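Below are structures written as structure tokens.
In what follows, chain A forms one complex with chain B and a second complex with chain C.
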Partner chain A sequence: MICDLNVIYPVTDFTTRITEKDLTKLKCGLSTLEQLGYTHVALNFRYSPQLVKKIPNNVNELNPIDVTQLQEFKERLKIFTRITVIANDTSQFQHIAKFQQVFDLVTIEPTNEKVLQTAISNLDLDLISMDMANRLPCYMKHKTVCSAVEKGIYFEFKYNDLINSSTRSMTISNIKQLIRASRSRGMVCSSGLDIDHLHFVRSYHDVVNLLCVIGLDNARASQLFKDWSSKVLLNGRLRVKSFKQTVVISGDDGLIDNRLETSVSAESKPGVSNTKMDASGYTHEKRKLDLLEREKAKLEAKKQKL
Partner chain B sequence: MVRLKSRYILFEILYPDTLSSPTSLNFTTQSQAILSLHQPSNPTITPKSLVQLIRLSLAKNFGTLGSSTSIPLSLKYFSHQTSTGIIRINQENVRLLLASLFFITSIGGQNCIFNVVCVSGSIKQCENKSSARSRLLMRNVQASDGEAVGTDVLNALFDGGIKVPGGRSGDDEGDGMDGVL
Partner chain C sequence: MDRKNAIERLLLTRCSKYQNDHGEILELLESRYSLTGSQKNYLVLQSTDGGLTKQEIENKVHKKKKKQKTKMISIIHSISESSAGNADAHPHPNSTNKYHPLKTRNEFKQFIKSNLKYQDTVIKKLKKLQKKKTELLKTTEDLADLKLCSKVLKFEDFIQINELWNKYISELIGTSNNIQTITNKLSSCEFIGALLTVTHSQCVDNIGMSGIVIWESQFNYVIVVPRENNWKTNIESLQLPQSYSLSERIGGMRLIAKKNTRFEFSIPVGDSNDENVMDFELIGDRMTVRSVDRANKKFKSHAVRDIEL
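Moving on, here comes the complex of A and B:
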């Protein structure tokens, strides 16, 4: 499984819905990713608390990403949802717990050192996304970064910024800082694909090679897309859609996406999707029947005794 | 006696903008996505201009030292129909060349993605890989779509028939690399 955890969903507000035109472009981007060999893709909703003040109270209306609109990719890609909170103050963390119920991945993009420190020490996050196109908010300390990685919070950077020639040098310098601070562990690289720049996406082999030129060893660089990315996804699943620390996987390529879960929950509780649920819906048909028959037999045995 | 070692890079050029531009329904099935990404290249793109583009990217991103690595660079093969090509370069400079391909975003005024398919020590391996890949793509096209539609579009694309793997070797001899074959 090769993951791309950052495809920007072209919506800036919780209440607005994606336009037809943007949806077409997004689908183009997804099919390009598919052709380049990616299997797991996370759609990223970027939320900045300064611009969007109002958050819907109802948990079910919280997720603006509608996976059901992407029916074409049912068998082709595994699609997840993600939120990135662009935080410049610790007071903006209050809604994180709410987001964790709805999104598969919860990410913070800190804009100053204090936010970064608090996020690492207090919050239960999956990823910390760093804006590599601009100067980093603070000097990346080994202690800070490694304590996050040990907790299971990984750092993300986008190769989108590398392809854009105006931000290239700054991005390379920042990535080098991150590699040094994290001792080349616990990083995730994603495309940051934006619907206006569909050609800013590369196959992961090319990115791995470029990271080798920058100064990361080959094995670690490919882990950025495989092991560590899938660990982040698994973490998110364990937080939201698990039952006693168990998640559902498929036999061929790892984690399954929301599609099955939403359909199962729609069966049992119509109108509710993306909520916490247990894995009982996945029991095999035959096994279900077996269980029923066994229970029936038990009941009959009881009756006969009476 | 130490042999001069070289690497052959098989790449393909993908055009993501064609996914939405002529009609807006070029991604609904896998076959449509494959067909619209693998467009034939503009005939104005010559092997010379392609090499120039790569040299430019090397010079821009890696400076004088990078440019020096492009002296032994040569384009061994390029097909406009399938937008695939093979580059030969010294073994030690492979990573720089691949990085410079990574940074190229447009060719002949069209947005593109340079996708490196394989890097190998002999041109034979590259050719095998290329034909295997086109066969795989064909299979995907036919598997995910009704055969009739898929082959029709393909015939239009490749000028009468499925000649991608076979047609390649004939072209290559014309390029003056029969010694390697």
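Moving on, here comes the complex of A and C:
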């Protein structure tokens, strides 16, 4: 499995819906990603509290990403939803618990050091996204970065900043700093694909080569797309599907699958307060070859013989 | 008037013995709280060992131990044995010895250990038999019919526990439809009696094993496995003639570590007609708690690097 955890969904507000034009572009982007071999894709909704003041109270309306419009990718790609909160103040963290119920992944993009540190120590996040195109908000300390990785919060950088020639030099130095601080552990690389810059998308092999130049070894660089990305997805999905990672609801294939969930939201039941938490989609008929039934039948056959 | 001991005097006047004799009451009360009187103001504690000396008690325990070793191994038998023993032969059930042979938990532990050992010896004996009489093992359909395997636990005996557990779990969950509330309840429920199937494990032999839980310890589940059953039986399209190893053919008890293991179980949903089920998976690494402590434990999310996909 090769993951791309950052495909930007062209919506800036909770209430606005995606336009037809943007949707076709997004579909183009997704199909190129599929052609390049990606299997798991997360659609990213970027939310900056300074621009968008109003948050809907109803939990169901909180997720602007409509996966049902992308039904044609159902068998080809596993699509997840993600929110990135661009935070410059710790007071903006109050809605994060709400977001955790509706999105598969919850991410923070800190713009100063204080936010970064409180996010690592207090919040239950999946990813911390760093804006590599500009100067980093602070010097990346080994201690803070490693404490995050130890907790299971990974760091993300986008490779489209590397490809864009205007931001390349800044990005290289920033990524080198992150690699140094994290001791090349616990990072995730994603495309950061924008619908206006679809030509920036690359195969993951190319990006791995590029990262080898910067200073990651080959095995680690490919882990950015495979192992560590899937661990991030697992962390996010377990928050939805399980109670504190003890008992997980299953019935679909694997711990990170969300196939059964999307089928529920398509029906959009009126009585359910939160479609992501609805368990009714997971019910299925009893298997034909049930162990207990078989054993009982054996017992009866034996009794009849006697 | 003397206000001292007013309540006691009142009570004593109600007694038929002192009904008309106020002088005696006064006398009694005067001597009540004095050191010199007949009634003392302190408690006298006497030893309550029932008239037996320490040596005698120890001797009895020793004899009991010897007896225990020779007893037949069977749960029902041993439990009834211990309860009977508690009643008459042994007057001190709350003996300070933690490893007292009569303590039920220790006895159960011992039973599990000895039965696992017993299963190993049975398999060894069967292997010897296989060399001597190759036809015998091939022709017998059910190895439990052999006299040799008569003491191995049988899956059929535990089906009723599973039915009880199913009732318990459907009562526990009720009609709630939220994943978080259901999984929250399941994380603190009892698992003895559940039908667990190992889906992922570091130990490859354990994968696909399914049975009814009879005991949960901090690091292990003890399950009872049916005879002639492994993961291959669940595959319909498998055309090969199914072959079972000797240990699979006798079934019995299995000790499965929780570490690096995921278990699956399904619970009935909906009203009365149990056609529909919902599947749940148990992550063993996060459940390494004794079932007693698990009821009140506050679980926390951790880094997921130890959970395999």
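Assume the second predicted complex is superposed on the first by the 248 of 306 C-alpha atoms of A that agree within 3 Å, B and C clash if a C-alpha of one lies under 4 Å from a C-alpha of the other, contacts with A are read in each partner's own complex, and residues count from 1 in each chain.
The working rule: contacts are C-beta pairs under 8 Å (C-beta built on N, C-alpha and C of every residue); 3 or more make two chains touch, one makes a residue touch a chain.
Source: prediction; values computed, not measured.
Q: Where does A:H199 make contact in the superposed view: on chain B (first), on chain C (second), on both, or on neither?
A: first
Q: Kindly classify A:L36 by the partners it touches after superposition: chain B alone (first), chain C alone (second), both, or neither?
A: Touch status of A:L36: first partner only.
Q: After superposition on the shared chain, which partner residues are touched by A:V248: those of chain B (first), chain C (second), both, or neither?
A: second
Q: I'd like to know which partner A:E295 touches here: chain B for first, chain C for second, both or neither.
A: A:E295: touches chain C, not chain B.
Q: Does chain B (first) or chain C (second) touch A:P49, or do both, or does neither?
A: So A:P49 meets neither chain B nor chain C here.
Q: Which partner, chain B or chain C, touches the larger number of chain A residues?
A: C
Q: Looking at A:P137, would you say it contacts chain B, chain C, both, or neither? Reply first, second, both or neither.
A: Neither partner.
Q: For A:G152 in the superposed arrangement: first (chain B), second (chain C), both or neither?
A: Second partner only.
Q: Could you tell me if A:C212 is touching chain B, chain C, both of them or neither one (first, second, both, neither)?
A: In the superposition, A:C212 touches chain B alone.
Q: In the complex of these two chains, what residues of chain C are touching chain A?
A: Answer in residue numbers: 142, 155-156, 159, 162, 177-180, 182-184, 186-187, 195, 210, 226, 229, 233-234, 236, 264, 269-270, 274-283, 286-287, 299-305, 307, 309.
Q: Note which residues of chain B are touching chain A in the complex, please.
A: Within the complex, chain B touches chain A at residues 14, 16-17, 19-20, 24, 26-30, 33-34, 37, 60-61, 95-96, 98-99, 101-103, 105-106, 111-116.
Q: Going by the contact rule at the top, pick out the chain A residues touching chain C in the complex.
A: 124, 150-152, 230-231, 234-235, 238-251, 254-256, 272, 274, 277-280, 282-286, 288-289, 291-292, 295-296, 299, 302
Q: Mind pulling up the chain A residues that touch chain B in the complex?
A: Per the touch definition, chain A meets chain B at residues 24-25, 27-32, 34-36, 72, 76, 162-163, 165, 168, 198-203, 205-207, 209-210, 212-213.
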